[in-house]
Each structure stands twice: as structure tokens, then as C-alpha cells.
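The structures considered in this document are given below.
One chain, subunit A, appears in both complexes that follow, with subunit B as partner in the first and subunit C in the second.
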Partner chain A sequence: MNMIMKNQTLLLFLLFAVTLLLLPLFVTNNFYLHNMIMIFFWASLTASWNIIGGFAGQISLGHAAFFGIGAYTSTVLFLKLGISPCIGLLCGGVLSTVVAAAISYPCFRLKGPFFTLSTIAFGEVIYLLSSYFRDLTGGAVGLLIPFKPSFWNLIFREKIYYYYIALILMLIVIVITQKIAKSKMGYYLISLREDEEAAKAIGINTVRYKLYAVMISAFFAGIAGVFYAQYVLFIEPKTVFSAELSTQFALMSIIGGLGTVAGPIAGAFILTPLSEFLRAWLGGSYSGLHLAIYGVILIAVVLMMPEGIVVWFNERVRRIKAKTTKGQEVKL
Partner chain B sequence: MILKVNGLTKYFGGLAAVKNVDFHIGKGEILGLIGPNGAGKTTVFNLITGSIPLSSGNVIFDNREIGRIPHPHKICKMGIGRTFQKVKPFPSMTVLDNVLAASFCCCSCKSDAKEKAHEVLDFVALSKKKDYLGRQLTIGDRKRLELAKALATNPRLILLDEVMAGLTPTEVNELLIVISRIRNNGVTIFVIEHIMKVIMTLSDRVVVLHHGEKISEGTPEEISRNPRVIEAYLGEETASA
Partner chain C sequence: MTQFLQIVVSGLLLGGIYSLISIGLTLIFGIVKIINFAHGEFLMVAMYLAFWSVSLLNMDPYVSVILVVPVMFVLGVATQKIVINPILKSPDVMQIFATVGVGLVLQNMALFLWSADYRTILTPYQSINFELGPIVFSFTRLATFVLAMLVSIGFFYFLKHSYAGKALRSVAQNREAALLMGIDVNRMYLIAFGLGAACVGFAGCLLLPVYYVFPSVGTYFGITAFVVVVLGGMGNMKGAFLGGLLIGLVESISGVYVDSTLKEAIYFILFILVLLFKPNGLFGIRES
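Let's turn to the complex of A and B:
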């Protein structure tokens, strides 16, 4: 039984990966490619947020800080020192990880909403610092990356390259989340989320595992930040360090299913096109209406499926299966 | 001697929750800890496991001073397991996963940990419910799960905080058998219990706390005859009975 389920998950994942890898053969329209890229981008971010916010249950609303640090690190290295974003990618991820560890360690002493508030505060501090150090970051004006397409510059004329980079990033994050979920670390993170005192009593060093979780999470947020900078070719504090961005990471995970591997991915695959569609449909006619409708949909989902779409869906499937097996037993 | 406690004291502000308490537990022994509500029994457990820092005194486990280690996870790794009076199952994890999380404490490899978890679930007779979620269990099963989690960490000393409270008489008898089997496996047991029958049948020796102070120590028979104990604790019960 277990073996079958294991293979089922693997099969589903492979199907998912292969479909997306082959998709550009059929879809060449730049608009659709762009939308797919944004979906992968959001999926990577929300899935990496889910490691600390979902599995470990530490709702961080300052995660944009790690995203922005990644974006700024590679861009500043590229513009000031001429270092390739290929290397900047790693530097951005590593710096985000280090900052995440330094910020989170004191914050972990706080529980629940107090932890969340402290992450918001740190996020804001980093936002303000990035505007303040004008010489390094360009201040509020932002930094423009000159369009010089080449692989070494990680800038491409065709969207297809970005498509594959974003897709691979997302697949890596999914695989890592799945590995964590099935390992000792996953059990430890969920345990400490459910009851920290009980987790300590069974020998779990809760602070250490929370740190591991936030570091892995920040690493990928940083890398996604570098991707964003290379894709949009313009970064400014207001966009890459915004609290709104942090909320998005959390929101997609919550809608999709906190603390599950598939949840954040489902969240990104549903919400990204939804907001894009609403904007295209209503954005021109009544300003703000698309946001209002988007909000109503989110509220409805949270009310009807408080544990997220994936958990809700799994529960349905389980019930239908239970019904059919029961029916068979009766027949026998 | 596996555990030795000297002059254990804990002040919460001006209030002495535990005051100058001494006792020891021999290897393989079952020591009972009793006392009226608010006597400081659970506080003693919390002090030993490092959940709260002690004000003064020593806790010596296996010839090592552990009283100044304020990290419950380190104490657990050293070989002291505990259960909580107010049970703490991980509500959205299955029973098996609850125990598995604990058995990772002694086996880092997942297949070993799984084997250990199954073994422990068999031991406390909870295997049938291994796929239930923590929150779906009845109080009796929650207590068993609590026990299973403590056992899965491979303790040499286990602290049981009222594992029998709230159980039916049948469940109490079943759990009594489980606990004596734990002792037969060579684990030392330190138990807080309100049900006299349990304390009397189980314990080799009993320590009595009252207002945070040790008022008596001895075999169950000695304790039940001690006038100070009867006055502080049993008195009420015999009067009402």
C-alpha cells in the first residue's frame, strides 16, 4: 500500500514535470509563456516560504527581505564589479541565508503573532536600509540592468530561456520540499509546529531545526530574487522589499495548503492566472474591481477550505475511495 | 543510583513552589511522587527535565549534574523521557508519525526509527490505531500515545505525570500491566499519581510533597500510616469516603 502510494506520488510528479518541459513545443505565444514564467516564479517562492511558514509553522511576513537581498546582491555585483549573475545567483542565495539566520535567531524566542510581527519589523528595516544606502543600491530610484543578452549575463532575448530557468528552479524547490517532508527534519518541523514543548520533550532541538528551515527557505527566496532581477532587468526597494510581496508568499501557501508539498504549488498555479485574468477582464473598466473580486474569492476559499485546496481535495478523494471500497465489501 | 536530587528549590516570584526537596531513585526502581493539588509535583518534573530553570539545588543523573541544563531536548537525549499531565499529542499527525518523531531521537535512519515506532506502539497496544490522527484519540489512547512517545526516545529513566488520570478502571488495570512491563525492561520509573491504588501497587517507595516541601518518604505501607501524610493528603479522602 505504502509502496503504491510512493510510486503514485513519483509518477504524478514526473507527469507534471514532463508536461511542463514539453509545453513550449506547443505554446509559443509570448503572453502565455510570460504567464507560465510568473506561475513558476511564484510557485518557487511560495513553496520555499512554506518550509518555514507551513512545515515549521513560523508565519514570517518579512520574507521579501530575503528575496530582495538576492535581487540586490547579484545586481550590485554585476553593475559595480562586473561579476556574472551566474555567480551572483549563488552569492545572492548565500547572503540571504546568512541574513535569515542572523535575523531569525533572536526572533525565534517569540511565539506566534509576536514572531510574525518581528519578521514584519525586520522586513521594513531592510527595506528602509536599501533606500538609505543610495550609493550601493541606487536608493528609491532603483537599479537598471542594461540589456546585453548573453548566457554569461543571464539575460536572454527569448522568453523560452527564462521559462526553463524558472521551471527548473520550481522543480528543485518541489523535490527539496518533498525530501524534507519525508525525512527526520520534516517530522521535526511539524512536531515543533504542533506543540513546541512536547517536541522538546522528545529530544528535538527546536531552535536549531527552525533555523535550518528558515535558512533553506531564504536561500531559494534569494535565488528567486536574482531570477526576478534578471527577468525584469529593473529593481527598486519598493517592489522587491515590499510587505505586499511577503504577504503574497504566505497567501498562496495558505490558499493551496499550508505545510503540504503540493499546496503552495497548487496555490501559485491557481492564484497567479486568476489575478492576471481578473486584471485583464476588469482592470480596464472599473479600477480596483478586479482586486475586490480577487479578495472575495480568497475569503470564500479560506472559509470553505480552511486547510487549503490540496487538503480539501485529498479529503474528497479519500472519501470517494472509502465509499467505493465499502461498496465492494458489501458486494462480497 | 540513577537520579539524585539535593535541595531542589524553585521560587516563582516570592512563592516557593518547591522548597529544599531531597530524594533519590535507584536503578530499576519505581518511585512514586504524591501530594495534594498544587503541592509542586509537576514542578519537580519540569525542574528535572530542564523545562524551567531551578532556583537552587542539584539534580544528578548518572553521576552528571544536569540541574543547570535548561534545554529539555538535551535532557531527553541523555536518557530521561517524560509524559505530560495535560497530554500533548501532535494533533494533525497520525499516531504512527507522532511516535516516529520521537523515535528519531535515538535512530537517525528512518527505517530504524519506523521499526522502533512500531515496536513501541505494539508495546502500549496502540498499533490498531496507528493511522488515526492525534486529535481523534480518546483520552485513554492519548495517555498511551504520551507513554509511547516517551518510550520511543529510549529512556533509562521515565517520568510519568498522571498517566492514569481520567481513565476507566479497566483502562487503569491495562496500563498498570504496561508500566510493570516497562520496569521489567530495565527502565527506571518516577511516577506522579493521584489514584492511590496505582501508587500502592506500583511504587517501591513513595515521596510525599506538601506545599512544595517533602513531608515524608518510605514504602507505600509506611506512607499510608504516617499521620502527617494522612493529615495533608489522605485525610481528606478518608474523611469523605
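Let's turn to the complex of A and C:
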């Protein structure tokens, strides 16, 4: 049974991956490609947030800090020292990881909403510092990356390249999350989320595992930040370090299903097109509407299906299945 | 010396408004045991309500209180009833995100409806200044401060001496015992959230003549209120009152000597340090 389940998950994942890998053969419209890129981008971010927020239950609302550090690291290295973003990608990820470990270590002693408050404060501190050190970061004006397409510069004329980079990033994050979920670490994280004292009592080094979780999470957030910088070619503190961004990482996970592998991905696939279409449809006058709608969905999910859409959906499917098999039994 | 006195005075005048905002936040935390992440957005809504009463109904901003405060009270009660009550026993995550969601909706609806423009009002008394020796008081700031103090003190009096106030405090102390004494705890929650929002409503009206209103104005004041509440000890109202004045002072003193961007960073770092090392607040008093 377990084998079948495992194979089923694998099969579903492969189906999902192959479909998306082949999709550009049929979809060449730039608008749709852009939409898919944004979906993959958000899915990577929210899935990496889910490692610390969902599995370990440490609700960070300052995650944009790691995203922004990634974006700024590669961009500054590229603009000031001419180092290729291909290398900057790794540097961004690593620096985010290091900062995440340094910040989170002291904060992990805070519980629940107090931890969340400390992450908000740290997010703000990093945002303020990024605007303060003007020489390095360009301050509030931001940094513009000159458009010189080449592989080495990680800048491309066609969207299709970005499509594959974002897709691969998302697939890697999914695989890693799945690995964590099925490993000892995954069970440790879930146990410490449910009851930290009990987890400690049975000998789990809770601080260490929370640290691992936040480091992995920040690493991918950093890389996604580099991707963002290379895709948009413009970064400013107000956008890459914004509290709004942090909230979005978290809310997509929660709406999809906190602490599940598929949840955040589903969240991103549902919510991102919504905001992109609103933007295309309403143009300039749309500002804020998509976030207001996210907020309404968030409240509805919290009140009506706190396990998230994926679990709710599975439950429905299971019930319908149970009903139909029952019906067959009666017939027999 | 004169300059220093002037800085202290402006700091205290600024701090009064922080106190009033923070008392609302800490009241909600103390009684409902929920951190209202939408608190800043409530302030923003109050400021817009005050702004529209001034510009559409030609009210004086200080008179708009009679309209804004009841509306905010109702908004608070509604939030408690619709969003908070069902999740009182849910895990932390859900409690955090319920109010985060409310904040997100309020802020972005404001952005959508009223755009990101900064709005402000003109009052005939805006340019009046008093001089007391070498120190200058601006009329609006002084009025804001005095009214904030009066409301806070009135509020403390209400909590201390009225039946509802005593019932509220008893719920804060011990939910079960209060329930056994025949206090309708759920009703107290509604009142607490309503009063918390009403405090912010007051603050919004007082703030309008001295500040701008825009959709994300709440973010700054909301975070400041968190800082104040943590400094004063979560749920501790006197702590919040003193903490507000203290933060006002710190802000105006450091504003003179430190770069303004860095100044904010410094007080967030202070905030984190207090959270980490003095989780019961600076004053270390438990709420009675």
C-alpha cells in the first residue's frame, strides 16, 4: 500500500514536471509565459517559506529580508565588481542563509506571535539598513541592471529562458521539501511545532532543527531574490524588502495548506494568476485590489478550512470516493 | 539646554498619541489574548473617517470624534465577532493570520478606494504657537497631547471604578474564575476589542491635524505600538501609557543626534532586545 502511495506521488510529480517542461511548445504568448514565470517564482518562494513556517511552525513575517539580501548580493557583485550573477546566485543564497542563522538563533527562544513580532522587526531593520547604506545599495533610488543579454550575465531577451530557470528552481524546492517531509528532520520539525517541550523531552535538539529549517528556507528565498533581480532588472529597498512581500510568502502557504508539500504550490498556482489578470485587466487603477482579495481569501481559509485548500480538497475527494464505493457495495 | 528642553517637550507631546494607540492594543491583548496585527490599519481607517468627516461634512477634526469613535467601536466589535471569536482556541498560526488578513484587507481596500495620495486637512488653528519662556508649543500638538492624556486617564478611571471595567479586568486576570463569577466572558471580549478600536479611533482624530493620512500610514504607527506594548509589558496598560511617552522621547532625542533612517533601525533593535531579554517589559510590573 505504502509502495503504491509512494509511486502515485512520484507519478503525479513527474506528470506535473513533464507537463510544465513541455508547455512552452504549445504556449508561446508572452503574457501567458510571464504568468507562468510569476507562478513558478511565487511557488518557489512560498514553498521555501513553508519549510520554516509550515513544517517547523515558526511564523516568520520578515522573510522578504532573505529575498532582498539575495537580490542585492548578486546585483551589487555584478554592478560593482562585474561578477556574473551565475556566481552571484550562489553568493546570494549563502549570504541569506548566514544572515538567517544569525538572526533566527536568538529569536528562536520566543514563542508563537512573539517570534513573529521579532521577525517583523528584523525585516524592518534590514529594510532600513538597506536604504541607509546608499553607497552600496543605491539607497531608496534602487539599482538598475543594464540590459545586456547573455547567458553569463543571466539576462535574456526571450522569456522562455526565464521560464525554464524559474521552473527548475520550483522543482528543486518541491523535491527538497518532499525529502524533508519524509526524513527524520521532517518529523522532528512537526513534533516541535506541535509541542516544543515534549519534543525536547524526547531528546530532539529543537533549536538545531529550527536553525536547519530556517537556513534551507532562506537559501532558496535568496536564490529567488537573485532570479527576481535578473528578471525585472531593477531592485529597490521598498519592493524587495517590503513587509507586504513577507506577508504574501506566508499567506500563499496558508491558503494552499500549511506544512504540506503540495499546499504552497497550489496556493501560488491559484493566487498568482488572480493578481496578474487583475493587473492586466484593470491596469493602473487596480492597485491594492489583489492584496485585498488575498486578505479576504486568507480570512475565509483561516475560518473555514484552517488546514488549507489542498487538505480540504483531498478530504472532499476521499468522501466522494467513500460514498461511491459504498454505493457499489449496496448494488452488489 | 533650551534646545534639549524643547526636544523633551516635543518628544512627550508625540508620545501622548503613541500611548493612546498602544493602550488599545494592549487592552485587546490583555483580555482577548490576541495580538491585533491589524491595529495600525484600524488607526488608518480612523484617520480616513476623520478626514472624510472634515472634508465632506465640514466638521472640526476634534469634533469628528463623536462620529469616528462609535464607528470604530462597532468595527472592533464586528472584527471580534466575525473573525476572532471562531478562532479563540485555534493554534497560534491561525490567530496571527486572522488579524494579518484583516489588516491586509483594510489597507488595500483603502489603497484601491482612495489611492496612495497623502491627504491632510487645513485648520484655522494650525499655525498657532504658544511660547512658554524659550520653549515653543504648537497648539495642535499640545491639544493632541492633552486630549490623549485625558482620554487615557478617563479610560483608566473607567477600568478601575465602573462595573464593566472591573469585569474586564477580572477576565484579563483569569478567564475561568471570571466565568464562574457570572461574567459573560464572550461579551467582555466584544467590549474589549471594541474599546481597543475606539481608543485607536480617538487617536486617529487627534492625529489628523498634525499628520498626513495615506493607506499605509498604519504600518508605521502599528509597529511603533508593538514596540511600546512590548516595552510596557504585554497586556499592561500603565506600562503602555508610560512606554508611549518613553518612545516619543527616544524618538525625538535620537532624531536630533542620529540619521533618521538609522534612528528607526535603532529602536527596532531595542525592541528585539527587550523582547529577548525583558519579555515582561521594562517596568517589570505585572498587570493588577
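The rule is simple: the second predicted complex is superposed on the first by the 297 of 332 C-alpha atoms of A that agree within 3 Å, B and C clash if a C-alpha of one lies under 4 Å from a C-alpha of the other, contacts with A are read in each partner's own complex, and residues count from 1 in each chain.
FYI, a contact is a pair of C-beta atoms (placed from the backbone, for glycine too) under 8 Å apart; a residue touches a chain by one contact, two chains touch by 3 or more.
What you see is a predicted model; the values in this text were computed from it and never measured.
Trainee: Check the contacts made with subunit A and report whether subunit B or subunit C touches more of its residues.
Mentor: On the superposition, C touches more of the residues of subunit A.
Trainee: What is the contact status of A:302 with respect to subunit B (first) and subunit C (second): first, second, both, or neither?
Mentor: second
Trainee: In the superposed arrangement, does A:190 touch subunit B (first), subunit C (second), both or neither?
Mentor: A:190: touches subunit B, not subunit C.
Trainee: Considering only touches as defined above, state whether A:57 meets subunit B (first), subunit C (second), both or neither.
Mentor: A:57: touches subunit C, not subunit B.
Trainee: Between subunit B (first) and subunit C (second), which, if any, makes contact with A:202: first, second, both or neither?
Mentor: After superposition on chain A, A:202 lies in contact with subunit B alone.
Trainee: Which parts of subunit A are touched by subunit B and by subunit C alike?
Mentor: In the superposed arrangement, which is not itself an observed complex, subunit A uses no residue for both subunit B and subunit C.
Trainee: Report the residues of subunit B in contact with subunit A in the complex, numbered from low to high.
Mentor: Result: residues 49, 51, 71-74, 76-77, 81-82, 84, 88-93, 97, 100-102, 104-105, 108, 110, 113, 134, 149-150, 152-153 of subunit B touch subunit A.
Trainee: Sort out for me which residues of subunit A touch subunit B in the complex.
Mentor: It comes out as residues 182-184, 187-188, 190-191, 194-195, 197-206.
Trainee: Please output the residues of subunit A touching subunit C within their complex, sorted ascending.
Mentor: Residues 53, 57, 59, 61, 106-107, 109-114, 116-118, 120-122, 124-125, 128-129, 131-132, 243, 247, 250-251, 254, 258, 286-292, 294-296, 298-299, 302-303, 306.
Trainee: Over in the complex, which subunit C residues touch subunit A? Could you list them?
Mentor: 35, 83, 86-87, 90-98, 100-105, 107-112, 115-116, 215, 219, 223, 226-227, 230, 259, 261-262, 264-265, 268-269, 271-272, 275-276, 279
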